[in-house]
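Across the two complexes that follow, subunit A remains constant while its partner is subunit B and subsequently subunit C.
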Partner chain A sequence: MEKDPNNILEEVTQSEYKYGFYTDIEMETAPKGLSEDTIRFISAKKNEPEWLLQFRLEAYRKWLGMTEPTWAHLHHPPINYQDIIYYAAPKKKKELASLDEVDPELIETFNKLGISLEEQKRLSGVAVDAVIDSVSVKTTFSETLEKQGIIFCSFSEAVQKVPELVKQYLGTVVPADDNYFAALNSAVFSDGSFCYIPKGVRCPIELSTYFRINAANTGQFERTLIIGDENSYVSYMEGCTAPMRDENQLHAAIVEIIALKDAEVKYSTVQNWYPGNKKGEGGIYNFVTKRGICKGNNSKISWTQVETGSAITWKYPSVVLMGDHSVGEFYSVAVTNNYQQADTGSKMIHLGKNTKSTIISKGISAGHSSNSYRGLVKMTKRAENSRNFSQCDSLLLGDKCGAHTFPYIKTENKTSIVEHEATTSKISDDQLFYCNQRGIGTESAIGLIVNGYAREVLKQLPMEFAVEAQKLLSISLEGSVG
Partner chain B sequence: MDGISTTYNTKDTLLKLFDEYFGKPAADGNPDIGQLRREAIAVFAQKGFPHTRLEKWRNTDLSRALNHDYSFPLNPDNSGVDFGDIFRCDVPGFDTHMIAQLNGVFIDRGLKPAQSSEGLVVCSLAEAFVKYPQLIASHYGKYAAFQENSLTALNTAFASDGVFIYVPDNLVVSEIVQMVNLIHSGDPVFVQPRNLVILGKNSSLKLVQCDDSVDDQIGFINSVTEVVLAENANLDHYKLQNKNDRSTLVNNIYFHLESGANLSTNAISLNGGLIRNEANVKLNGSGAHADILGVYLMDRNQHIDNQVFVDHAKPDCTSNEMFKGILDDQASGVFNGHILVQKDAQRTNAYQNNKNILISDKAVIDSKPFLEIYADDVKCSHGATVGQLDSEALFYLRSRGISIENARMLLMYAFAAEIVNKISIPQLQLRIDDLVKKRLRGELSICEQCVLHCNSREQKVSFEIDMSKI
Partner chain C sequence: MLSIKNLRVSINGKEILKGINLEVKPGEVHAIMGPNGTGKSTLASVIAGRDIFDVEEGEIQFRGKDLLDMSVEDRASEGIFLGFQYPVEIPGVSITNFMRTAVNEQRKYRGLDPMPANEFLAKMEEKKQMLEIHAKLANRSVNEGFSGGEKKKNEIFQMAMLDPSLAILDETDSGLDIDALKIVANGVNKLRRPDNAFVVITHYQRLLEYIVPDIVHVLFDGRIVRSGGKELAIELEEKGYEWIRA
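Our next item is the complex of A and B:
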């Protein structure tokens, strides 16, 4: 029996977050609040060298002098930065040699997510660096990677193992005082992933990290640094889910990517953090600074993101196209539902000659949510013969939601070409009628149309990820869509 | 906070001047207007002149324009001016009812529009304050919201004269009404004309608004125009801007459309030191439609800033924006289009497009086509392009024996023609077409007064090829 189409959208917006659960692991936490002492505590806990402590302290001092940005199209109660625990780590256990030694509760958690290390390891051939509340618990396939000279480990580990590389590149793409949240992260970053692909190496497998916010009241401040040395290639994946919690949680991550001459870095992410309940209570506040720099000639950085979670998303993966002939790409699907708010987009800064960038952004808003695209394309004087194409479309499902587009275009030379186009529309009755006529129920038709709408972006994702992304897209719009 | 610092503290001078002229409640005949003035000056006192740290002004810097020792003629003496010499129109066959404004003050030449017996009123705003208090009470200051716009606030505080047009219900005005706003003064002047145009139900009007310079004098015009279109009214509006390079023109227009009203507004900016056009269009009744068009051709150090805000407040409205510009030398251009579709403004269709051509390496364009949508049953799109003349098209023309200069001109002309061809007054279209050609050839000099009334008969602009065949 066909459902009333009017109810379907409602149902679509009613489904509860399906990945809500909470793992009870003993935590070792820093006291609440932020001060130089907290930073020293974190640094000491992680046994960091002096220069890194100074880096943190300097960032903290800069952060003190900064104010929270208010320009984004977002509304949230003020964040009390003193009411956050800045460090939480699962209690240190002895080095693990096999999966059996991993806390069974953790295994359980991963099983619920459908990404048990076991399965990942055996079936998908993907190396997984699973991060639970800031500290890496288990790294797989490291040995395989090591043979190629690839370094893929947790950030803290990298600080111990390859301090000179970390020191050389840390903060070069996102300076400590880049913005309010970047400064905060630089001061208190807990852990994250580090990846270095040596010259001429093509990484044979897709590198993947699962981030997971676990304990209540714990801000997560990951820091990821990816370096593609000359003529290398890597595809890096990051995905997240979070347990259901009522109190808002703050997340301020930094991702820095450096692509040297002829290198290519592909970064894909699926983000499905707790978006809050149907009334808009709770959910993650996600303030992320992601930026890559195409430092050498002919380098390429590609961002692909599927954003379905978080109460608030503030995220602008950017590429600085410094090398001549370098390429920047940004593909994004952002879904907001209920009272979620997303202000996301990309920046493409063209500095080198003959540089190219593409921005494809697909926003889907439902319920009472608000979904904004905000982007900048800048062609500097030197960026001769550069090219940009931007397309940002919005799809509206429901009459209470908002979809906004804030594209900034600045061109300073006469040989570059910038094109921007955007459309906003809802699923038309014609499209639905066409499907219905061919025996496709309204519900499936919506799923079909939404998936088709996002297809251009989803097809950019690595295969393993694309499957999950479609699942997430469906879950965030309702179980049956997709 | 005032972010503009100049040698001359224009803000303080203006605040002092306000106290002098309007400080006493008795100074103004109409208490409502006096109240409005005081509210407005408070906003200006608090906000000051706009500065580049404001999102809407980030690419337009007024500090150089304000760095002059301006005089503020509130009751200027125009006795020594030969009006006939300054204001004349010789566009062949362009028969208009011309209203002259000199330094922001309406010049009463005793002319009455042909249809005044049918209720059409064209007079100075100062006269309207006295003669038509009811119309003023229900419309004046109702559309030009000054809370967020300190220049509109400043204009509202000082507004004393300008043009008042009232078209009664069901009247179709056959004459074209032309407003010519000139600056003519020995010193740098800062003038603030204020216009109010009221169109009754089912009425129709063609309005041409010209801003020109007489000479190479420095001037700052802060103009505010309120236009209200009642049900099913129809307005065809043109802004022609051909100012000298030392002038600053800030043109705030507030259109208010009731249901079924139809607006077409076309901003043609050919020359001017710093031009900022703010068109605010509120579609306040279902079935209203607005076409907002513009073309700008800038070179040297000129700066053009087009800000368009279309507010879809009610369902079933449509709007269409199209702005095209060519920038040469060190010229800079800004386009900021903002479409707001309010909650429940269902079945809205809104289109927005901005296309730019940069001719030189020093020209800069900032384009921000921006959509803010709170309704779901809408079709909105926007596009923006920045590029150059198509090299293949250039090659095509050159391979057929057309010189590079002419080929470039031809392509630029064709680019601008999309807007110029939309002018629905044939004589005006021909004339603008001519001016665009002249402008592209670099032959348009600012001393030629207004685009529509020049001292010397125009010489025909001819290209090597026959443009009329295009």
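Our next item is the complex of A and C:
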């Protein structure tokens, strides 16, 4: 059984490091289930200050009194929260000697995505030559960033290094009791990223180039906090186009972004978690709360997401436009195939005067999947002369999938303008025939048409990721048309 | 080059082509004329491989290969080009990207490496010059928001880029003003070579003033009822299709 290449991947992701400090590793895992003891255990393991423990405990107590939301257009068996291990030391993957030992299917996907050999090795757990090891690259980056006063590290590290910054901002955008999954995350979050851009600093690099490689192992309850101080700029990329496999079925992350006066934060995600098999078995449940606040005047927060993975996606990256003249943007491509379900969209809450928001959502459904857009645009009384433009398009492949749009609009003043456009279309036989007649096979044709459809969103991505994301869209839809 | 024998085609049980025979040799330009609804476009679609039609009987050979067993894209890569009567829009896909994909997929079929980007762009520029297309086609989405004339010019441009052995132009002249018609005809005339062939499907004789055919066929009620030289087209124009019917 061990020689079956299909099992290697599973083995790689599931087995713990077999040699050495085995006993120690075992002791670092909390028992199954969730209780105050579990939370104290996690907090102690991370050597956290008392206030953070209290933050977690308070969140937990609130969570106990909450119920799982049922309003989303999603269906799944009940989640047993007592059957989850909430703390495990980062798993050390078994190192493989060469790429020959990796699942050929995975290698094929890597090649289609155009991922370099070295990176393929990293992602699949093959030992990498120390000279080309990107740790040295990481060091170079870190030095560049440090010189400018940028703090970019893991969340746990930040708690130790800059506790006052974490304390000042943690939970200010997504309060611990914001929703059921946010409360759960606030109680048990594992790790994630912390980023602080000081006043007047324009981050010289995409905080992605190195992050991608280190994206793994943040655990299932990721917590990210990004602070753009006055007049700063940062472009941040989360995730990975390469397929991400994880045995943890439930993921509940929180991302909080704070943009102070004149600051701009651009956040891009590619989400490609395991979507389950063709019959809809397995796959990640991804319940994410992402929200940014344009706290200062003239600030800007922009979300761009490409969602192709997960069995279930529940995610509404939002912007609270508090400062006058602030700008919120949301660009999304969500692909569902086979039995995947996505209920995703955005919320734009206009509080400040002359604020502006844009929502561009492109849903692509294939197979037996279900793809919903859910969005809220709210113009409060104070938000005079504000504008929103929303465009929600759905593309259907085949006739067994579903697309739904749930736009909510609330306007409390008379000077704001909200525009909403929605379309539903199909890839027509005429389009496919036209492409085929030029020599383009059906799968390539679908890739071409889908990428054209999503172009408005893809062009928002940092260049290198745009290219990979294009390929990813095609790969996600392979075999979706007979 | 193209040899069609006793082709019978139906759609939803209704017979449209009732035994077509057609021989096209390299270097020839054939015109197929006939009233609306007699099967001209069906014939073009069946040669290209559209699967909504049922081929009941007969065979189509193209350069010695049996076409009916081939997929649409393989037929294209073998050198068959169809200029569409109603080209579809593909939003968001630039003509550059579309053509590059097509050229490289066809090259792949023929065992060639993808064409280098600079070579490809130079080829696009060259073909635009040749066809006297001045519009900035390259970055526009395929047919999106194009006028009728622009769509047809774009078909001719694609034909020039793909350089097929056999080009079938399905009513490419319909809805064109005289200037656009000249560009289309000019394109065909410039691309004519001893080793390629054209089948021009048209309702009117007008196009044939600019593209001079070697052989004219009249398609009527699913059959080629008459074939002749270019005079046949003129005769048809004068006497009308009633003359055939009689």
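In the analysis below, the second predicted complex is superposed on the first by the 369 of 482 C-alpha atoms of A that agree within 3 Å, B and C clash if a C-alpha of one lies under 4 Å from a C-alpha of the other, contacts with A are read in each partner's own complex, and residues count from 1 in each chain.
Assume a contact is a pair of C-beta atoms (placed from the backbone, for glycine too) under 8 Å apart; a residue touches a chain by one contact, two chains touch by 3 or more.
All of these numbers come straight from a predicted model, not from anything done at the bench.
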{"item": "Partner contacting more residues of subunit A (subunit B vs subunit C)", "value": "B"}
{"item": "First, second, both or neither for A:Y81, with subunit B first and subunit C second", "value": "neither"}
{"item": "Which superposed partner A:Y180 touches (first subunit B, second subunit C, both, neither)", "value": "neither"}
{"item": "Partner chain in contact with A:F41 - subunit B first, subunit C second, else both or neither", "value": "neither"}
{"item": "Touching partner for A:H420 - first (subunit B), second (subunit C), both, neither", "value": "first"}
{"item": "Touching partner for A:W71 - first (subunit B), second (subunit C), both, neither", "value": "first"}
{"item": "Touching partner for A:A403 - first (subunit B), second (subunit C), both, neither", "value": "first"}
{"item": "First, second, both or neither for A:Q431, with subunit B first and subunit C second", "value": "second"}
{"item": "First, second, both or neither for A:G441, with subunit B first and subunit C second", "value": "second"}
{"item": "Contacts of A:N451 with subunit B and subunit C, given as first, second, both or neither", "value": "second"}
{"item": "Parts of subunit A lying in touch with subunit B, wherever the complex brings them together", "value": "71, 379, 381, 394, 396-426"}
{"item": "Subunit C residues within the subunit A interface of the complex", "value": "48-50, 52, 71-73, 76-77, 81-82, 84, 87-88, 90-93, 97-99, 101-102, 105-106, 109, 141, 158, 162"}
{"item": "Of all residues in subunit B, those that touch subunit A in their complex", "value": "55, 343-344, 346, 356, 358-361, 363-388"}
{"item": "Subunit A residues within the subunit C interface of the complex", "value": "428-431, 433-442, 444, 448-449, 451-456"}
